[in-house]
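First chain A sits with chain B, and in the next complex the same chain sits with chain C.
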Partner chain A sequence: MKLSNVIAGASAAIVAIQAAAYALRGEPDLLRPPGAHGEKDFLARCIKCGKCIEACPYRSPAPAPQGAGIAVGTPCIDAREQACRLCEGFPCVRVCPTGALRAVEGHRDVRMGVAAIDEELCIAFQGMRCEVCYRACPLIDEAIVIDYRMREGDAIHSVFAPSIVQDACVGCGLCVERCVVGEPHTAIRIVCDAERARTAGS
Partner chain B sequence: MDITRRQFVKATAVALASAAAAGTLSSLVGCASGATQGDAQTEGRKYTAVCRFCGCGCGVICEVKDNRLVSVTGDPDNESNKGLNCVKGYYLAKILYGEDRLTVPLIRDDASTKGTAEGLREATWDEALELVSAKLKETWKADKSRLAFWLSGQQPITEGYACAKFIKAGLLSNNVDPNARLCMASAVVSFMNVFQTDEPAGSYADLDEADVFVTWGANMAEAHPMLYSRLTARKLSGEGVRHYDLGTITTRTSASADKTLIFKPNTDLAIANCIANHLVQNKLYDEAFVNDHLQFKQGAENIGNATMDDYEQTEAGKTAENVSAITFEEYAERLSPYTFEYVSELSGVAVEDLRELAEVFADPDAKVMSLWTMGVNQHNRGTWMNHNIYNIHLLSGKIARPGCGPFSLTGQPTACGTAREVGTFCHRLPADLLVANEQHRRFTEAVWDLPEGHLDAIKAPGMHTVKIFREMSKGNIDFLWSAHNNWAQSMPNLTRFLGMGEENKGIFDTFIVVNEVYPTLSTQYADVVLPVALWVEREGQFGNAERRSAVFEKAVDPPGEAKWDLWTFMEVARRVLDGERIGDKDAFDHLFGFIYDKDAADFKGDDRETNRALWEEYRIFSNPSLNERAQAINESAKLKMEAKQLAPYDEYLARHGLTWPVREVDGTWMPTKWRFSDGAQEDGFDEVGVATYGTPGLAGGVSFYKSTDMKPTVVFRPYEPPAEEPDEEYPFYLVTGRLLEHWHTGTMTRRVPELDRALPEALLNVSPEDCERIGVADGDMVRVRSRFGQFDIKVSTAGRTEPPVGIVFAPFFAEEALVNLAVQDTYCPLSKEPDYKKTCVSIEKI
Partner chain C sequence: MSTAAKRRSKRWTVARRIVQAGALALFAAPLVATSWGLLGIGSNPEDTLPTPAELPFFGTLSSSTVLGAEVIDPFAMLEAIAAAKTFEPEWLLAALPVLIVYGLVRGRAFCGWVCPVNLLLEGVDALRRKLGIEVREAPVPRRAKLWIALSVLALSALAGIPIFESFSPISAVNKGLLIGSVAGAWTLLAIAVAELFWGRRVWCRSLCPLGGFYEALGRVGQLNVRLDRKACVHCDACSKACLADPAILEPVLAGRDVVVRAGDCMACGACVDACPTRALSFALGRAPKPGREEAG
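And now, the complex of A and B:
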């Protein structure tokens, strides 16, 4: 059977990233609009002008609230509320006057972060046919793939386990927005990675 | 990498197990607790049920605390799903608790408010029932051809049975049809044409043993989630198991298929003939099987299209069902034009792919399972295409044996159990019987204790679904009652049927009664809305695609004043039949006195007793020895009614569902997994059926004892084109369908917050090439127009469904993107099922 295409890319490295993300058990870094080159670089450049927020047709970014420290007022995305929809031409990037958001060529070049699945919460790992994140993914079969495996202790049913392909995931967060699990947190979250973000668009 | 993956899987399992042991899973995920249960001391009372949604028929366990459903989990003892669910089943409990549940009867005083959310006022049950009864009685007495009932493949079995009895025996009307006409009719007509008995020979167990799966126009990965999990398990655990996906669009099912064959619309007919031609011309068919079991026919051809209202009066329409016997040699001759080269050119599928698929059927050792649903059934030649799939399985002898078989999937939880088995169709009586057949009427009269000849008044079939709505639009229907469906969203050609044009305003004059649980588009056109119990708020039964009948127990009370649907039908029946006689007896009491006390306006027993009493009467149809008069007719007319034998009601409760025919062997009721297949009954074979009616020792160990001369019919059906083909004005085919998160018109699933969040909007999938050509991009709103109507929708190129150039896809769950405003109501001339897959449309950015 030829299922290799759908698990190609799912590697030990991904497992490690997912484990690391949840070992922290804290909120991941603020999710920035496309084109940000890591938190440090972004904060140094962003002047909190709000133009990217106004430019977004989906009202995805919002000013970071009180309590965000130095980041207060900078654009951040609550993916659960409204994920980035990776608009053609990136209107948010186009209006940024300071280069806090730098040009991104296409939606596959965005590097907002990487999705990570909490396998204890994800109902697909319990054998439910869910995979909502996979089907919602704008890079379906590229950034999220299905790892088909037999269900433990069941000879006639398989588990359709979603799996993140680290190199392809752009971190738009649509999977987070759509995840059916909400408590205590979504079964999939976006982990930001400054090092990786610096490669955005390059 | 393999080793890493295994370790990974193991680690995951451990993590899950420890989380479950600590009781964390159930607390973390709220409503449902997956396969594990929490602290036994805090558990509520549990009830056995069947999922409310699709045709898979997954068993579930409902947990109730304080008259509230707190969790629904997979039933490990139900053979159809063995404890698993999809995400819809996982959140089942929440369908009961949408904020806008209908709990009080509603009446519309001003018909001009139809089509709006306004105009309905609260009423008492008495006022609503008196009004409905008066209108029905008035229509019935004045001209009963102007009344209609539209029922459903979601209506529980005993409720459908009681409705059929009321309408057919009480009102002596055949103007009843179910929404199953929109999904399964082509399958049914084909089953009857080929086998003279409805429903598959095989069962879901075939999925565990097949070597090759062929899906024909079926997005099983989304529309039949648990069955696809089972199919995938077979691929993972079996050696060299393959899956070919055939369709006009690339779907999530294609995503894991070994090979996807995209064909041009309607050329599936030619592809199946091409396989048959390969088998026949090269003598690769199963000769012994053909000799022992098959007869050959051809039918009327060039039968035109049922687009215009007068189609059935045209010469083509009047003769469309005709068939005549031919020899095998003549059949071979008819097939001969369907060479790989010709069919490749016609279909767009490569010669080598066609050959590879044909070789699958030619391999005598390969166990092949074909699976199909709406791509085949909702087809202007839907019945023909069902035939053509049976043809290749019959020629190759790949049928009625474990792992082998053509398997018609169903889309609703009880399209089989109720619409088809109970017979809520305009041409049917219970248990496959037909109104037009005199012996069938005599048999039904015997079971219902009616005077001989009573049912002769209904020997002419009534109006099928599309005809009901066409006639309504023309002002020819005075009374319509619908239950368990949402026709104002699911019917095609809604622009006409909802009276949105200059003409066809009939809907505003028809008195419409809608039994519902939530406000829907259909309640917006209702004159009376009756609030009813949803799912486990009463006891009922579903029958799924593998002939499995299963009971869902009543677990909680309905909210407010909502009532059991069956009570509403009984209350109207007793009023309408007041003063009527059957023979020398009171009509209502004669039909329903065994369950209903009309003076008390209530059932004589509780839900369980009422259901059991109805079931036991219904069961006589398939156990005629329980009724002397019925048995005499069964024998003299050779009806073989035990072919669909059902067990006593309590067996289903104890056994969590049974696949018919269920046979009593040494005091034990045993289900059948493979009809017509000789072998031990306890292993799931049809030992009793073959011994009673069939001939043992024939090729394949099979005996088609219900078929005429015990021989199923191979009918040659040619390729004929779609009803309309793209042109300059309407350059795209529009395909509509279902997606995993939502079920049908979304009336239940869109009220579950998690499911609504998971898929909040309906999108039009367009190929990137077409997007570029017509100047639209992902996220743009477009207007889709056809010759029938138009709707607005947002474009997506995200790739969940990938139509080829020239085809677009949209789901039908969203009332705000009402695709059926534009979908044609052209139907298959044989099955009268509309073609939802091939309406020609234009697309423009708005």
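And now, the complex of A and C:
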């Protein structure tokens, strides 16, 4: 066997392994910029042109890393790093050439995901006053409300527990960015429920 | 040959290098102008930073915005249509400028004059020659890339995702430099290795689906290489210089045609530069194919 053929085979193998890794990785769970209509629709339309990334004045979305499988290079948001600010006019949606991001007039049309609170980690549930996520939320008193109640088995202290209003939360991630709990992970997270987002509108 | 004469004889290659570098600079300019690539998130995350999108031109090779109008890579658009099983008239409108420009000039003028991967691989080819590594001239037929382009569209429809965009080495260079995307980086490495040790320019000549798409478009190009048969001394310097596939020069060299008609020609001008008797030149329009008698 000639060495050059071995090298050609190795080159083909690099691409084939990449393809196999992509295929096995399955649908990634990534937080998309506003205007995505579910992961399936988004992945079908996104050509990874990067214009939404260049259009964001907050530098929120970034190209997905190699570990994202076939979605490598698509825009995704690390909410802990820099969450979506739901800009007026949605510059990222406006520049998308293939409608992967589309149909967003105001923040009520956005459906990036839904916040979920880990009550084991959230210090508010332990009886401390925090309310950071509540105050960080751009939809204060709409998407996050404070559930004020007496602490269980405690006649003196109360609990100011944040509570997510499922239908109002747009999943921008600002609560995640600000959450005071970091270890082992934030007490609030965005669930990018693809199925839910898909049915949220088209 | 004096240096001046040598430089004059390389004028198409020199012009091409300027355009290739210009294409790289063009897409980087909006980012540099807004210091976009240099600044991370502001010291205060609530501060808005200037964005390239506020400028009259910004984007990447996949899609850009020119004076508010969308421009889109037509092949990426076809992939998205196949994957999403839908399209909007605006997408076609955005692809039209690209189709018209390369359609009128020459489909693969993109490859020869704009594509950063071709530029890089010309460097790999030069390095290989310098190292004295012998490789095969054409291990894969040049038309393979047409079929690869069709397969990419079929696979995009099946997988529901524009498939080439996850592997594209063109993205790896263009978007790697601009926004730090790593998509296609492995493909780029694989190609560089294959071209260094296996087949000469095998990616651009035979494998790239985007090249395949532009090859198909190249069949209507108006900028063509013409041969003055009286001046030709059959030295074969043009075939050795051809960046596409030397086979595309055969019809003119054998006298069966007057211009290089193959959609594969990138109008790179390497053959024009290489010709010692100036028998080759660029000509506008598609001269009709000579009849059998004329061709003799």
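Quick note on the criterion: the second predicted complex is superposed on the first by the 167 of 202 C-alpha atoms of A that agree within 3 Å, B and C clash if a C-alpha of one lies under 4 Å from a C-alpha of the other, contacts with A are read in each partner's own complex, and residues count from 1 in each chain.
Keep this in mind: a contact is a pair of C-beta atoms (placed from the backbone, for glycine too) under 8 Å apart; a residue touches a chain by one contact, two chains touch by 3 or more.
Computed from a prediction, not measured in an experiment: that's the story for all the values here.
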| item | value |
| --- | --- |
| Chain B versus chain C as contact partner of A:Leu121, first or second or both or neither | first |
| First, second, both or neither for A:Pro63, with chain B first and chain C second | second |
| First (chain B), second (chain C), both or neither touched by A:Pro91 | second |
| Which superposed partner A:Cys49 touches (first chain B, second chain C, both, neither) | second |
| Common interface residues of chain A - those touching chain B in one complex and chain C in the other | 3, 7, 10-12, 15, 57, 85, 177 |
| Contacting residues of chain B [partner chain A, same complex] | 1, 4-5, 8-9, 12-13, 15-16, 19, 24-25, 28-30, 34-35, 82-87, 89-91, 207-208, 225-226, 228-230, 232-237, 240-242, 252, 255-256, 258, 739-741, 754-755, 757-759, 777-779, 798-800 |
| Contact footprint of chain B on chain A as seen in their complex | 1-3, 6-7, 10-12, 15, 57, 85, 87-88, 119-121, 123, 125-132, 135-138, 140-141, 146, 148-152, 154-160, 177-184 |
| Contact footprint of chain C on chain A as seen in their complex | 3-5, 7-8, 10-12, 14-15, 18-19, 22, 40-41, 43-51, 53-59, 62-63, 65-66, 70-73, 81-82, 85, 91, 95, 97-99, 177 |
| Chain A-facing residues of chain C, complex | 30-31, 36, 39-42, 45-46, 48-53, 58-60, 62-65, 70, 72-73, 76-77, 79-80, 83-85, 88, 91, 94, 135-136, 139, 159-163, 165-167, 171, 175, 178-187, 189-191, 193-194, 197-199 |
